[in-house]
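Multiple structures follow.
Shared between the two complexes below is chain A, which has chain B as its partner in the first and chain C in the second.
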Partner chain A sequence: MKHVWREINFLVRQRASVWAIALLAGLAALSVGLGLQEVARQKAAMSEVIALQKKDTAAIKVFATDAGDAAYYRFHPTWDPPSALAFAALGQRDIAPSTLRIRALALEGQIYENEAQNPELALPGRFDFAFVLIYLAPLVLVVLFYDLWSGEREAGRLSSLQAVPKAWVRIWLPRVAARFGLVSSVLVVVFWGGALISGAGIGDTIAFTALILALLGFWTLIATWVAKGAGSSPTNAAVLATIWFVITLIAPAGSNLVINAATPIPDGAAIMRENREAVHDAWDIDRDATLQRFYKLYPEYATSPPMQRPFEWKWYYAFQHLGDQQVEPLSTAYRAGIVEREARAGLVALALPPIAIQRALYRIAGTDMSAQWDYQDRIRAYHTQLRTYYYPFLFSAKPFTSADFDAAPAYAPR
Partner chain B sequence: MGRQGLSLNELVVMRGGRSVLDGLTLSVPAGHIYALLGGNGAGKSTALFATLGLLPVMSGQVLVDGKDPAEEPDAVRAAIAYLSETVALYEHLTARENVDYFLSLANQSRTNAEIVEAFAQVRLDPTAQDQRLSAFSKGMRQKTAIALALLRKTPVLLLDEPTTGLDPQATQDFHALLLDLKASDVAILMVTHDLLGAVDVADTIGLIIDGKLASQWQAQSTLPRFDLQALYGAFTQARAGNTPV
Partner chain C sequence: MRRAGLIARAELALMVRSRVALIGVVALLLLSTIAAATSQAHMAQERLSRLANQTQTDALFEAQPARHPHRMVHYGSYVFRPIGPLAGFDPGIDPFSGTTLYLEGHRQNSATISAVRENSSLMRFGQLTPAFVLQTLAPLLLIFLGFSMITRERGRGSLRLLLSSGVTAGDIIFGKTLALGSIGLVALVPAWLALFLMALAMPSEAGAAAMIGLGCGLYVLIWVVGIVAASALAQTGQGALLSLIGIWCFVAIVAPRGAAELASRLAPLDSRATTDLTIQAELRQLGDSHNPDDPFFAAFKARILAQHRVTKVEDLPFNFRGAVSAEGEALTSRLFDKYFVELATVQRTQSQIVSGLSILSPALAVRHVSMAGAGTDLETHLRFLQQSEAHRFAMVQYLNGLHRDKLNHADDAARSKDRAAEQRTRIAADNWAKVPDFVFKPTRAAERLSAALAPILTLSLWLGAMLVLAVWSRRVLEGRAL
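Here is the complex of A and B:
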């Protein structure tokens, strides 16, 4: 250990190394700060939506005296609170909605309506801790490692150092450990600071820390392997930069293109459009036929009396649900396609450790695709709760009171 | 048992498919300075690397203070202080920090008094000891490296072109230091192009040509120590590519 301490002291005497590590520390701290700020913003937005919805609901309650009006005018907020570690790996949270106000109308259009806003958010991406770890920290390791051997050779010191007894134990391994240790310490300390502030659980924090060390360990091995070779310092720097470029940018982007081409999926906006069209077309379809199709799905309401007026809410909500039914195959195909793409991306990640680690970070932070599906599943389940809550009032002529308005199911986040 | 110095016996070293050392034999007893002369590519530096165990030996044997680097590389390296031609120290450290660092690499520690004494012995200005090496002349770096060698207290010292780039006064000071080390029973093997410098301090001068010891001269106890004319003739012939008779 004394050799490692000596090499740490030696390393911090080198101005370029200090600058590289200080820059990394600054960027990591900035990313954690921005991550915490973004999580706070999301939480504040959720609180605001919930508070405003309460006001809106109170206003609707004044005039929505029957179940049809209540279900039509009343929005119900749903939200996906960020996990305590979301600050470090925002993942899908910047491109997928974390709040959604829904009504008991056709759901698919409401879900996919949000997709229209997302590409502009996806373009720049988020500057979060995971970005610093996956993309920037390896570059700092490259700066610290590329001339570890070649620099000594070029300065004429290599033979003197190799002439030291047990040179690997006393010089080279301590030098590798010092660089790995300094970069790891900087990132882990900054991350722990963020985890402490956000109140993250110890288990997740340890798992996240293990992934940080695994990623830095991977790049340390690569950098040591290249630096140990016979190449000159500029050659080693170029080789390491190329490896970084291929592993972190070219290979993931290329495999993403291949996966997307190999696994076509319906457009989310198309699902919304078809859902809307199905609902709008229903106005021109025979009402009784629509109701009969609905009663096949909900036979408990088949005894509901025939429509007496040109418009009745029960018919309206029946065709809303049938609109969802109509696009269900498309929606299922969309989800199956995304799941398939995810599975294939997971296979690619097996060959690209940094990408595998990035996916694991998002998983632990609850910001990966599965977390988004989980939120969407909750929305769907909640929507079903809402519909089936209103159905008895609509189809069985059950009286709808002020208390019933208040008793509508509330969304329960994870 | 006293110090046993250094010996190379019938040493054969191959590099890139050719013999760089082809049966080199020489001996440097304790308290002795051996200057190995030769032209570029004659195998001088290879002899040092083989002695340090940094190159594999095809046949023959190296013995450093009685130890074979092929069998006990770490023990052999612990017994050698090696000064490369470029005076391999760190520019961003002070002379004192360099000495501390390299002593630490060798798993050795010395008291402050010992270090101050070593710097005094090599006549390095006390104010320079805490200056970074980037501000040093080559002579001052050489003194720092020699101070380190003194502090290492090894029985064998290997020098690779030690006076290249030194001015005459610095060369003279350096030779004086070598004689001090010799007096403390260190076996010194110095490879050099500097014939006159070798004549000044060496007890034995060897001429290496194509990896073999072509000629060897012992210093006389009376002046002149060496037959300079014979040495010069042999050396210039060797540099011209002719083996001296």
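Here is the complex of A and C:
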């Protein structure tokens, strides 16, 4: 251990190293601050929508006195609150809405809604802690490692250092450990500060910390391996920067091209359009046949009296649901295709540890694609809850009272 | 001048002999060729698919049977954002924004179906496009090939030898710039070739293509001159390399994300749900069509009755219900427009903040040039949204016009209860074909050129600054060698 302390002492006396580590610490702290602020903003936006929706619902209640009108005009908010670790890995939360208001109408026309953000800002990606860790920390390690051996060689000290008995244990390992230890403690401390402020759970925080150490460990191994080679200092720096560039930028971008070509998905626009066709065709086909198709799915309402008028709400909600049913295979295939792409990206990540680590960070923070699918699943389940809540009023002529309006199921976030 | 040429030739000969340099250049060429080919093919396919979707959607609309016109208002239509001819070079925001918009009455939907939500998360690491290769990868290669060009001469002592043999520091700097510049030129060839071929296929785009080509050229030149100057100024090769990698990391990796983060905080945007709810609340203040005693719609009714000198809506020469629909739609549409202007203003401000920060990073400036030139920037998307809304309004009001003029008021009022009346409120299917098709008017080439002018100017300023740095480094070089 005393060798490591000695090396840390040497290290903090080198101006370039101190600058690099201080810069990393500053950027990491900045990213954590920005992340915490962003999460607070997302939460505030959610509360705002929920509050505004309450007012909207109160205004609708005045005129929507029957179940059909209530289900038609009333939007119900759903939201996907950021997890306690979302601040450190904002992930994919910027490309999909984290609040979605839905109605008891066909869902396929509602669930693909987008957020109103500026695409030019989504293009480069977020400046979060995961970015600092995956992109910038490896470059700082490069700066600390590239001339570990070649620098001594170029100064003419290498052979005398190598001659020291147990040189690996007394010199090289302590040097490597000092560098790895300093960078990891800086990042871990900054991350822990953020985790403490946001009240993250101990288990997730430990898992996250382990991933931070794994990433820095991976790059420490690569950097040590290159640095102890025969190359000159500039060659080592260039080789390390190239490895970093290929792993973090070129390989993912290239793999994405291959994955997309190998995994075609159905046209998303076609799902929405087919849903619309199915829903609107109902106006021109036999109304009783539509109802009979619906009763096959919900036999408990089959005893509902036949339609007396050209328009009845029960028929309207029946064909809304049938419209969703009709495109279900397409919608399932669409989602399966995207999930398959993501799964193949997981295979690519097996060969590229930094990519795998970033995916794991997003997973723990609940900001990855599968978290978005989970949210969609919750929306779908809630939508079913919602429309089946209204069915008894529509099909069984159960009177719809003011209390029933208020008793409509509310969304429960995870 | 002749001496500078000799120095350049010697430097290039050295690079050719060093296999590492050769491999680097070949790898870059390979990557940019792959990027140009795949990006072009992908965007061409996407262009066709959107065109086919649009044709199919329009045909479906025209093929609808005889219906009540308000059914068609709810049936609505889809519009798909077309892709400009140069998008293959820089797809820009295209994969990051919704491409499909559902147009219906009473509502303004969001543009949905975007590539970023259909791709694996690997996409967020960057996309292999000609623009990406040139803006991010090429500078790094130039750094690797150029950082030691002058530090090496000094380290070996050959610098002093050269200077004492009558070669000036200016000759050395100019010669090394020529050598690294020719590598930069080689790196530019695939991108320029891709732009040239695109312009050939679509001559009206030649000006924009030339502008993008110029922007890329300036950007590469900024790096070439900057790297040579750094090599002249640095004490050691490794000092030059480390600072250049640091600068590259800031310019190409940190600045774009930082600028976006800053812009989203300086000009925050309301969530879509908030805006929708705000519009609904304001709409209720203006006029609530669900309230039979609403003052706005009561006044509208009184005005219409007075205009036609009748006392009952049944006596009007047209269907009053259609007129109410049209009035209601006009009301909501005005609010949509008002809030769209707000949204567009905030988003434009955000993008301006990012462009403003290009004085800190030329990568932001060159990205701006290529996205504006290729018509894949925010402006194109906002235009699409705006024109789609205008089309939506025109379509809905055309249908409301049919509702007002072609339907009998009594039938219309009874249609939910009376089967025969419901049949009579259906109007002939040939009315649907008369709705004009959506034709997207993209930013004209001239507009795109003028939008690209400011970032070109920024790039020129950057180049000027690098030239000043090079001149200064010549002085330093002369001073140090003595």
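The rule is simple: the second predicted complex is superposed on the first by the 401 of 414 C-alpha atoms of A that agree within 3 Å, B and C clash if a C-alpha of one lies under 4 Å from a C-alpha of the other, contacts with A are read in each partner's own complex, and residues count from 1 in each chain.
Just so we're on the same page, contacts are C-beta pairs under 8 Å (C-beta built on N, C-alpha and C of every residue); 3 or more make two chains touch, one makes a residue touch a chain.
What you see is a predicted model; the values in this text were computed from it and never measured.
Trainee: After aligning the two structures on chain A, examine chain B and chain C and state clash or fit.
Mentor: After superposition on chain A, which the two structures share, chain B sits beside chain C with no clash.
Trainee: What is the angle, as a multiple of 10 degrees, that the CA centres of chain B and chain C span when seen from the CA centre of chain A?
Mentor: Nearest-10 rounding gives 90 degrees.
Trainee: After superposing on the shared chain, does chain C or chain B touch more chain A residues?
Mentor: C
Trainee: According to the stated criteria, A:Ala210 is in contact with first (chain B), second (chain C), both, or neither; which is it?
Mentor: Touch status of A:Ala210: no partner.
Trainee: Kindly classify A:Gln14 by the partners it touches after superposition: chain B alone (first), chain C alone (second), both, or neither?
Mentor: The first partner, chain B, only.
Trainee: With the two complexes superposed on chain A, say which partner A:Arg276 touches: chain B (first), chain C (second), both, or neither.
Mentor: After superposition on chain A, A:Arg276 lies in contact with chain C alone.
Trainee: Could you say whether A:Ala412 touches chain B, chain C, both of them, or neither, answering first, second, both or neither?
Mentor: Neither partner.
Trainee: With the two complexes superposed on chain A, say which partner A:Gly156 touches: chain B (first), chain C (second), both, or neither.
Mentor: In the superposition, A:Gly156 touches chain B alone.
Trainee: Report, in whole Å, the shortest distance between any C-alpha atom of chain B and any C-alpha atom of chain C after the two complexes are superposed.
Mentor: Checking C-alpha atoms only, chain B sits 13 Å from chain C at its nearest point.
Trainee: What is the shared patch of chain A, the residues that chain B and chain C both contact?
Mentor: Correct list for chain A: none, the interfaces share no residue.
Trainee: Considering only the defined contacts, which chain A positions touch chain C in the complex?
Mentor: Its residues touching chain C are 16, 27, 34, 37, 41, 45, 48-49, 52-53, 55-56, 59, 62-63, 77, 91-92, 95-97, 99-101, 109, 112-127, 131, 135-136, 139, 142-143, 146-147, 233-235, 237-238, 241-242, 245, 248-250, 252-257, 259-260, 265, 267-270, 272-273, 276-277, 280, 283-284, 309-311, 337-338, 341-342, 344-345, 348, 355, 359, 362, 368-369.
Trainee: Using the touch rule from the top, collect the residues of chain B that touch chain A in their complex.
Mentor: On the chain B side, the touching residues are 49, 52, 54, 73-75, 77-78, 80, 82-90, 92-93, 97, 101, 104-107.
Trainee: Which positions of chain C touch chain A when the two form their complex?
Mentor: 20, 31, 38, 49, 53, 56-57, 60, 64-65, 67, 71, 74-76, 78, 80, 92-93, 96-100, 102, 109-114, 116-128, 132, 136-137, 140, 144, 147-148, 237-238, 241-242, 245-246, 249, 253-254, 256-261, 263-265, 268-278, 280-281, 284, 290-291, 343, 346-347, 350-351, 354, 371, 377-378, 381, 415-419, 422
Trainee: Flag every residue of chain A that touches chain B in the complex, lowest number first.
Mentor: My answer: residues 2-3, 6, 10, 13-15, 155-166, 170-171.
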